[in-house]
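What follows is a set of notes on a single structure, which appears directly below.
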Amino acid sequence: MPNRVAVIGATGFGGAVCAFICRHHPSLELTAVTARSEAGRRHDELYPAYRVPLEMETFDPDAVAERADAALVAYPHKAAAGAVSALRGRGLKVVDLSADFRLDRDSYERWYQPHEAPELLDEAVYGLPEAHRQEIRDADLVASPGCNSTAALLALLPLRGRIDDAVVDIKAGVSGAGREATEETHFVSAIDNVNPYKTEGHRHLAELEQELPGVRFAFVPHLLPIDQGILASCYVTANGALTREEARELFERAYASEPFVELIDAPPRTRDVRFTNRATVYVTVVGDRVLTFCAIDNLWKGAAGQAVQDLNLMLGLPETEGLG
Amino acid sequence: MPNRVAVIGATGFGGAVCAFICRHHPSLELTAVTARSEAGRRHDELYPAYRVPLEMETFDPDAVAERADAALVAYPHKAAAGAVSALRGRGLKVVDLSADFRLDRDSYERWYQPHEAPELLDEAVYGLPEAHRQEIRDADLVASPGCNSTAALLALLPLRGRIDDAVVDIKAGVSGAGREATEETHFVSAIDNVNPYKTEGHRHLAELEQELPGVRFAFVPHLLPIDQGILASCYVTANGALTREEARELFERAYASEPFVELIDAPPRTRDVRFTNRATVYVTVVGDRVLTFCAIDNLWKGAAGQAVQDLNLMLGLPETEGLG
Amino acid sequence: MPNRVAVIGATGFGGAVCAFICRHHPSLELTAVTARSEAGRRHDELYPAYRVPLEMETFDPDAVAERADAALVAYPHKAAAGAVSALRGRGLKVVDLSADFRLDRDSYERWYQPHEAPELLDEAVYGLPEAHRQEIRDADLVASPGCNSTAALLALLPLRGRIDDAVVDIKAGVSGAGREATEETHFVSAIDNVNPYKTEGHRHLAELEQELPGVRFAFVPHLLPIDQGILASCYVTANGALTREEARELFERAYASEPFVELIDAPPRTRDVRFTNRATVYVTVVGDRVLTFCAIDNLWKGAAGQAVQDLNLMLGLPETEGLG
Amino acid sequence: MPNRVAVIGATGFGGAVCAFICRHHPSLELTAVTARSEAGRRHDELYPAYRVPLEMETFDPDAVAERADAALVAYPHKAAAGAVSALRGRGLKVVDLSADFRLDRDSYERWYQPHEAPELLDEAVYGLPEAHRQEIRDADLVASPGCNSTAALLALLPLRGRIDDAVVDIKAGVSGAGREATEETHFVSAIDNVNPYKTEGHRHLAELEQELPGVRFAFVPHLLPIDQGILASCYVTANGALTREEARELFERAYASEPFVELIDAPPRTRDVRFTNRATVYVTVVGDRVLTFCAIDNLWKGAAGQAVQDLNLMLGLPETEGLG
């Protein structure tokens, strides 16, 4: 019997890909898609390429709970906490794509705002399978990591414990800025431009500091005229000498059996992972510095793809199922 | 003594280029720039590349009239009529970039809405110098043509009187859709896309019908992922046989002494006219059909550049001055 | 038992998508991929996103015939004829993506060059399933249509027999120009540009004239800064009055049971069909003219996707299998 | 009397902008443009937007010396040295845009190849006016800096003497990769992609090490789908505590009277400096790290614009003349 799944907030770019993947997933049955402002429209009218022939509903947790055993919540942070709480209260397994359950309460409230459902934080697991696979398997609530954090962490995790200093320079496509039409996302602003932002501090840094404590970080995202894709370029000073071969071996060991992370022999390019859940990683040593790069599709491995990967683990399905 | 000029509505894409050209024009002095919602900000904060170091003001016709002898009005249609009327009433020469004074009253009210200043229609001249140069020289109020109409008319005018049927297929950049952030102008909607719109009737057709009466037209614009640029591809059935040489000769005669229209030997490309007031035109005959193409920059020859060209004529300045 | 398939010429954009689709097709086994200049490299080194883990071989028809029952040939025209002939001589079913078997000999030799394998022309079927489904099912050699022709024909076929005059204005992405690095395909030439080409006659017109005889055509392709996608905008003068409802009914009837052609209620956009084998079609009537538009992905429905659709028919498989 | 100038190698992207600027410069007369493979064609046929109506010649130093007092040499490195030597031998002042005269012999031969004209190295001046203005004024041979180096140096120079460690992450447009059509510059490779390259060491690093000795650098360029533009993002560990205000003051002092460098209050964007010789710089301090960013147009301030700025200084002209 297929697992019945709902996507809460299916009109944003990330939520729409959630709906797409679930709809075409062999072991999931997508039973409901909800929308805040566009309820009543069919999803495939808004996103024809995703071919999800369902009418979007206003979110009603009781109605969802009747038809679904699990949910992917793709609301903005703050709005997400309430929806997650309502669904967990009705027994559904939940993967939340917002920031609301990624951090401990202190860190969350420092970077975001007062938490709307702090009582759930204890059961939430940070949903990066490459770091927390077993906990995800056992969890009922998983917080899917931020897109920038995913790229940076996959570039850095094999060096965990050896990093003194890491400069993380993020290049990110416009879909990461969301579906809202703003001055920044206007075609004429974005095309033929590179736009560094949040230079004084981006919230995704909180996730890096949680997963890699003790590192002196710099972290700056740049908006580029690409559609989907993130490249994290990381410049690491290690706390001990490391040859290219030693660095490479650490990465080989870390990723040998990872289904979606591929250690490659040349710097990764975002185009090569578009529309896939793959992450490509490259590591080298230049002088006494370790350089490591990771490319992902921000809507797939950086959001919806990873959320379904988490859900597969939570439901006991093959981890790669439905993910190409 | 330089001519003192104001730009009314300098925050839209067209108005901003007006300010840019006037500011760097050797015989004009830009004395005021106005804005509806962003008064108080400096223009070069909004458009750094244009280097116009003036603070934008709320539009006050008396204040403008004290400091300017002429004005370029770059408001949306309907809003423009009132501003033009106020400035004409204070004696300024005006070039209006909206549709408000391009058409006769009947045609305007059929395509747009009730006219806000019909009493000015008699003195308004359609500002396509290639068709109405002498009238523009003598005018106090000139209506700068639409961007699509400009490209189409420059492709078709040399055939005036010989056209039975013309299919006009327009390819236009996103800046033509304006500065407002909408679903259509969102980078993620526009990139890697071609978007035909107003297939059932675009208002610029009214201008073609006015300037080229008696032609059976089809007219469809398409939005493309380019920044600035319009290509008009015109497929003409003439009312009598025409060889390639005859067609070419008509165009040579029409454009021999035009300063901004260049008849070229290969199909025109929008990139070659970017950021210039040039129009490149190509004509050929295939079978019994005349094919003619025109490329312009929609913000220059299709809007601000042409408006300044009109203003040069109205002020007795060299027609090309300040236009590169 | 799966059908064993080879892709001949898997390094071009079209051939690479053939390899991708076949590799992930549930009823096909991709047993060989060949390359002319890059034999010895793995396919997924060249096209990581397609995940085809096969080494490319130099084309040897005997070696291919040992391992494959069918082949997709994705060579340039002229080179294709020889390869097709060698494979047909060894009993393989073949779908050829070049122009070599699309036209009768006279037409081919007028538009292209002397034919290299004219003896095969009799058995070749024009591979547009929407026009020739049954013949494709019965064929051993199918010529997959050109990308521009596919878009234009799907826009026009429901009007067959009623068209006097059709202007076909094609907007096409750069991948259609092929993988060769040229001045035209250089990023700096293509970006922010619209480039009409072959204005005096494009070879794909020959296919339109064959499938829709008696029509007075104009046909001009335009190169745009998009990656994958074609939009055909067709302006039709019918040989009798046709209301919007009548036109729409003709299209509904034609496409009611087509698995990949979708009649929609608004002008189609290429982005909505990217990476799919779908064609979206819109028809309207403005004045006395029928306007019809079709959007496809040039590498899918315009090349590799359609070739696999043909192969599915030839092999008795479900027509949509492996095509998303 | 205007200064007669020749552009040697006017077909590449940088050389073409040299020709454009010189042609429209009020105090320069462009008397010759040369080309290696396209001699005989007119420059404006190749680059219509630049409107340089000169026929390109094969390079003949005697013929050039008869008509020009100065030359801009825009050849690739190695080829440049010979041309420069021939022109210097005939008494012309020369600005060379290649790498051939930027470095001392040791450094050059380590990063490039044996030097073709080492006897000229002594008289060559590194042409970054913000660092070497007076020497440029007095020089007969100036080596215009690399585009990446220019952006990085303008971001870092005000911190000279205080930098322990600097990570320089470069984002660069495709025009920087040159006019040659390659797999990398193909539209379909470049669009929707980010491509880090030369991760193990880019030659422009040699210029940084020369101008800022003693710094521990990391330096990685990334190719982006933009046309013209470079952003340098620099992450600096200073050799002593520095507050945001102190850092800002250093930059204000350094750039207060620089005509082309503008210290701004927000991170710079490449689009705001397109087609200008401006550099916009932003500096901030986050934690104990100085972050500094610089945006330029790689073909203007990163190549041709800077070369003309150098030439203006060498000829005693106003430094900004002809540069907008």
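Order of writing sets the chain letters: A, B, C and D. Residues in each chain are counted from 1.
What we mean here is this: contacts are C-beta pairs under 8 Å (C-beta built on N, C-alpha and C of every residue); 3 or more make two chains touch, one makes a residue touch a chain.
Note that this is a predicted model, so its numbers are computed, not measured.
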Open item on the list: Once the contact rule is applied, which chains count as partners of both chain A and chain B?
Closed with: C, D
Task: Chain separated most widely from chain D, comparing mean CA positions - done: C
Open item on the list: Could you work out how far the Cα centre of chain C sits from that of chain D, in whole Å?
Closed with: 46
Task: Separation of chain B from chain C, taking each centre as the mean of its C-alpha atoms, in whole Å - done: 39
- [ ] Just give me the whole-number Å value for how far the CA centre of chain B lies from that of chain D.
- [x] 37
TODO: Mark out which residues of chain C touch at least two other chains, giving numbers and ranges.
DONE: 189, 191-192, 225, 227, 271, 274
Open item on the list: Under the definition above, what is the set of chain D residues touching chain C in their complex?
Closed with: 13, 174-175, 179, 181-183, 185-192, 225, 227
Task: Complex contacts: residues of chain B adjacent to chain D - done: 48-49, 191-192, 271-276, 280
TODO: Sort out for me which residues of chain A touch chain D in the complex.
DONE: 165, 167, 169, 171, 173, 189, 192-197, 199-201, 216, 218, 220, 222, 224-229, 231, 233, 235, 237, 267-271, 274, 282, 284, 286-289, 291, 293, 295
